[in-house]
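Each structure below is given as structure tokens.
Presented sequentially are two complexes of subunit A, the first with subunit B as partner and the second with subunit C.
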Partner chain A sequence: MAGLSETKGPVRRKKLKTNTGAGYAFLAPALLFYSIFFIYPVIFSFIVSTKRWNMLVPLSRARNVGFSEYSYLLRDQMFLGVFRNTLVYALATVSLTIVVALVLAVLINNAKLSVLWRFIYFAPVVTPQVAIGTIWGYLYRPNNGLFNSILRLFGIKPIYWLTDPNVALWSIIITAIWAGIGGSMLIITAGLKNIPQDYYDAAKIDGAGPFRQFFHITVPLLSPTLLFLTATGFIGAWQVFDLPFTMGRNAPARSVMTVSWYVYETAFQSLRMGRASAGAFLLFCVIFGFTLFILWLFRRGGIKGYE
Partner chain B sequence: MKRSVALLAVVLCVLLSFSALAKTKLIFAVHWSDYQVEGVKDENGNVKVKGLRQYVEEYQKLNPDVEIEIQSVPFDEYLKRILISHTAGVISDIYVLYSLWGVQLVDSGILDQVPKDIADKVRASFVKAAVDGATIDKAIWGVPVEVANYALVYNKKLLREAGFNEPPKTWDELIAMAPKLTKRNPDGTVAQYGFAFLAGWDSAVVHPFLALLYSNGGKPFKDDFTECLLTSKEAIEALEAELKLFKNGATDPAASVWTFPTGKVAMMIMAPWYETALKLGFKDEYEATVGVAPIPYLKKPATIGYTWFIAVDSASKNKKAAWDFIRWMTLQDAGGFTRMGELMAKNIGSIPPNKQDIAFFKAELNDLYTSVFVKELENTYQEPNVAQGQEIKTILMREIVEAWNGRKTAEQALSDAKKQIDKILEEFYK
Partner chain C sequence: MNRKKVIRILLEIIRYVIIIFGAFWMILPFFWLFSASLMSPQELMSDVPKWLPEKPQWNNYLQVLKRIPILTYYKNSLIVAGSVTLLVLLTSSMAGFAFAKLRFLGRKILFSFVLSTMMFPVFIFLIPVYYLMKLFGWLNTYLSLIVPFAVSGYGIFLMRQFILTIPDELLDCARLDGAKEFKIYTWIILPLIKPALATLAILTFIGQWNSFLWPLIVTSTAQRLMTLPVGISRLSLAFSTVETQHLILTALVYQVIPMVVVFLYLQRYYIRGFVLSGFGNL
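The block that comes next holds the complex of A and B.
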């Protein structure tokens, strides 16, 4: 036995070594790509966040300021305000988009001309956000916009959709929900197709109505899909830039500005790359923490991942 | 071996001859639009009004060893382009720069020192507001190419309909007239604005306020920039003067100066470069409709101005060639005028800051629109060249818009602005 192990051991180890090397070789392109386009920018951004740098001088000449930009941001009323706006935007758009998309997907799933309906709802997803923002800007016009014209028909006082500080963010949220429904609906539809018809047939025999079927079959079996949509939705919503930037420029900045917009303005108008990077890094931490929290929340409900 | 040496010698000779023939290449970054760069052309592609390209081609013919590449970047992207190109190490040799960015660029060592003959000529031949715009820490950092200020632009027809034959001269007159020029829909929304500001753009918010501040005898900073003076009585009164228009219903935060050409705005404060848009908007009705007057004053006539100046990057490898081109384009006499002056007056529609050009291009500058701006140069205060000027301007815009929306009083808004701005000044001036 001893002799056998003596001869087999080194061979196995050698084979294992060869396999490990090959594995790393196959992984290398992906790791290289990941390092260049993710790890390096994150580390660079962190280093910049500890400097007072305006991009006009070499980074090596920039003054080291430690974590002072982080403490500035965490005490800055403007940053805290834009953070609150982004949180409201993320919570509202993600939750409402998923709810509306779920209802629409269920209604359309077995409806006649379902492909046409899916196309209609999906069209905004392939439209550039800037174009959506501009078009909705016209719809929201106080004097001759579509929405106020409708309100006038019912004798309701017109709303200053994009300039009233109490309304502007919600106007942008409505647009974002409209623009995002199609994508979510398509993914939910794919999830619905995976639910076996037998469950519904059995439920019908047991006397379950459409609502019971929806809440006791559809929603639980769609949970992994909903987890995926929630996690990716929040990651995207926290980083939102284009819609608020296009639509919210005439409202007081504190009422509509989002973190990405703040970071952009701090970097390229105020020439404070350190502060902007600190803001971006804080945003990264928030998104990371928020995603972990959502995954934990779903795990507590028995959902481990998207299958 | 002999063959290899011979081949090497031939390659070296070819390379040397190429380098001897190589032209001096200059990259010239501007924020101008297509017709301003390429010229105004008719249907057959013939140039009707020269653009920058035609002047550059003329210079290249005169100087065959120089090649100039024009890089046109939209204004919104322009500063970002300068920053990124510097980080990437791919700089332009020549820039046309907004004076507000000057301090930051000078402090970072981006701009090359102006040759003495050019600096002397600028001091001697250019209007004061433009010289102030190109001056940072008492030194001239470029040749002003455009000076812009603000005036009251009004709709003559709407004023006449309301019984006014003259525009307001004082701010009090404007406050009294504006509500009478305002019309409302049955639901209460404004159908026609007596006066329009514009909330979404820092210059449109801050510049009218600064004009009123200077008109009220105030100023935004101490001369040494160690303190912001926005909580002064003059500053608070200036913002309150604006707020009166919101309180008396003559305007609201949804108003926009861009709707003036639709005939739904009676008065606004605007710059010279808006002339073309007004001509396009009103077409045949332009002369009968558009009127221009000095900004109605609080205590004394005053307006605010800003400058664009042409400068050379200190990291340019061809600084001498760059300054030679600037000298030819902006200072050399081309028959009683400078080429840059011609480009500004005939194509871009801005006021050339060179006194010689102002005198020469009377036909272009003495029209109903621009003539008032030219006259107002004497009452123009240059937007201060302060460190972090753009950041300070954004802060002030945000606070003014808060006041316009009734979320803060004039005093609260300006006090909040002062706190933020003083922190910046402390960082750079103490």
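The block that comes next holds the complex of A and C.
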């Protein structure tokens, strides 16, 4: 990324006088904010994760339980299920959304009415997820929902979209992909416009068909964009709450509960602050490692788009 | 030669079939929502789902207004999203200016810190920030919905990227004329970054307008502060009886359509935010 690295030469850098007072004056609001709403909460949260606390008494009166909540969670079938749901959701949603958006963006790029198509695909991006979840909840109804009635036309038996524990999570993933395509598509389109047309012209002269052009020009040249989408997509997907919470309330045996939902319920319904914090920290460690892994993976492939 | 032409035409046909097929699925839920919002309860619950109401029940829309405080939800969402947006614009442009154009000890480390904050998931902050709100006595006030979002790492990053493109010579000229840094910020930087501010405003506003988890937690004890998404999530409580169940969908239209119309118009700003952060151009 051009703007992120220092591109100025040493001669021009000299001109920028050191001005510590002004620098910190302009940063003061942000730094104050980060100490109160970022650094303090992270530390506080970690301390809470070693206590048994219900927020109704002062934290100092809470009993110290060490790391027992962590070891409890790692053996708790319910938490491991929640963990697995979040993992499946993130992997499936991020990868499938990018693949579908990539194909559609390439198809729509330079197509007739491309502005109209992008409008249509973009609409869910600005729609509240809670509303999307509610609408799809109706479409997924087993007996009088629209989807099963369409399936019936083809002689397919009704699917219990949101009540079959093996299907429910995937139904939510489908909705999430539907809702996310438009945003990724716009970003990919912006990247596509950046690829010089000459490359395609040269490829055509060499006799490369549309598929070879896609895999040998479009995909490699888009890789910084795809890295951006992967990294930001995962960060968003790990924290998913709105869709599972609105669509999965009737799903059996918590087959669609995600970590955000688990933290919400454990902390604000069951008042187990320690256990909720421990769960949050466990997933955070996974996210952190995973993000570093993705960046390493892409860098090994020679892509330094997003650092 | 002829065979090549046939293949090309076939590929074009497949291309448009896929685009239109996809567009059909994108529109379907919205179309059905609008159609169902005009149905009677019997039609909505009938065993053979209907695509269109036999006789549109426009009265549904009046019923919703009478039964739930949708205008209050609107007002709360506007106040919260608007205030957060203003604060984010201010703090991001100030910090972005410092990171892009001022030299001071620890600049690089602090900027890396700001970038890394974006990696932290929201669920780590729910408990401690709720506790802080309680401590400050801000629960049951708008402050608890606004202040925890006053600074955005992404916003600072975006502003820095944009301010970097402003030539240093311009600022140096002003400094030679005796302008202090605060004057440079208000008289040179702010006017020049208006397009970037517009983009950040849209992104922040959409994000806040649709934000759900935090408002759900904070307004659980203060119904009069509930924002639109929280209101939507409680519709099934408000319309629990068989005679009113169909109104859930009508209420959703109130909440979905205005935003889609307004923001579709603004989608170019959304793209620009991405372009500004260094990828592609459109």
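Going forward, the second predicted complex is superposed on the first by the 271 of 307 C-alpha atoms of A that agree within 3 Å, B and C clash if a C-alpha of one lies under 4 Å from a C-alpha of the other, contacts with A are read in each partner's own complex, and residues count from 1 in each chain.
One rule holds for everything that comes next: a contact is a pair of C-beta atoms (placed from the backbone, for glycine too) under 8 Å apart; a residue touches a chain by one contact, two chains touch by 3 or more.
This one's a predicted model, so the numbers in the text were calculated from it and none came from an experiment.
Asks: Of the partners subunit B and subunit C, which touch A:142 in the superposed model: first, second, both, neither?
Replies: First partner only.
Asks: Determine, under the contact definition given at the top, whether A:94 touches first (subunit B), second (subunit C), both, or neither.
Replies: Neither subunit B nor subunit C is touched by A:94.
Asks: Figure out whether A:168 sits in contact with subunit B (first) or subunit C (second), or with both, or with neither.
Replies: After superposing on A, A:168 lies clear of both subunit B and subunit C.
Asks: By the touch definition at the top of the document, which applies to A:265: first (subunit B), second (subunit C), both, or neither?
Replies: first
Asks: If you stack the two complexes on chain A, which partner ends up touching A:247: first (subunit B), second (subunit C), both, or neither?
Replies: So A:247 meets neither subunit B nor subunit C here.
Asks: Does subunit B (first) or subunit C (second) touch A:282, or do both, or does neither?
Replies: The answer is neither, since A:282 touches no partner chain.
Asks: Answer with first, second, both or neither: which of subunit B and subunit C does A:55 touch in the superposed model?
Replies: Both: A:55 reaches subunit B and subunit C.
Asks: Go through the superposed model and pick first if A:187 touches only subunit B, second if only subunit C, both, or neither.
Replies: second
Asks: Check the contacts made with subunit A and report whether subunit B or subunit C touches more of its residues.
Replies: Comparing touch counts on subunit A for subunit B and subunit C gives C.
Asks: Which positions of subunit A sit in both the subunit B and the subunit C interface?
Replies: Residues common to the subunit A contacts of subunit C and of subunit B are 55, 143, 268, listed in rising order.
Asks: Sort out for me which residues of subunit B touch subunit A in the complex.
Replies: Listed in rising order, the residues are 79-80, 82-84, 86-87, 104-105, 108-110, 185, 187-191, 198-201, 252-254, 256, 388, 390-391, 394, 398, 401-402, 405, 407.
Asks: Can you check the complex and tell me which residues of subunit A touch subunit C?
Replies: 1-4, 12, 15-20, 22-27, 29-31, 33-34, 36-38, 40-42, 44-45, 48, 55, 103-104, 107-108, 111, 117-132, 134-136, 138-139, 143-146, 149, 178, 181-183, 186-187, 189-194, 210, 224-225, 228, 235, 238-239, 241-242, 245-246, 259-260, 263-264, 267-268, 273, 276-277, 280-281, 283-284, 287-288, 291, 305
Asks: What residues of subunit C sit close enough to touch subunit A in their complex?
Replies: Residue positions touching the partner: 11, 15-16, 18-19, 22-23, 25-30, 32-33, 36, 44-49, 51, 90-91, 94-95, 97-99, 101-105, 107, 110, 113-114, 117-132, 134, 147-148, 150-151, 156, 161, 164-165, 168, 172, 181-182, 185, 206, 209-210, 212-213, 216-217, 220, 228-229, 232-233, 235, 248-249, 252, 255-256, 259-260, 263-264, 267, 270-271, 274-275, 277-282.
Asks: Under the stated contact criterion, what part of subunit A meets subunit B in this complex?
Replies: Per the stated touch rule, the residues are 54-57, 78, 142-143, 148, 152, 157-158, 160, 162-163, 165, 249-254, 265, 268-272.
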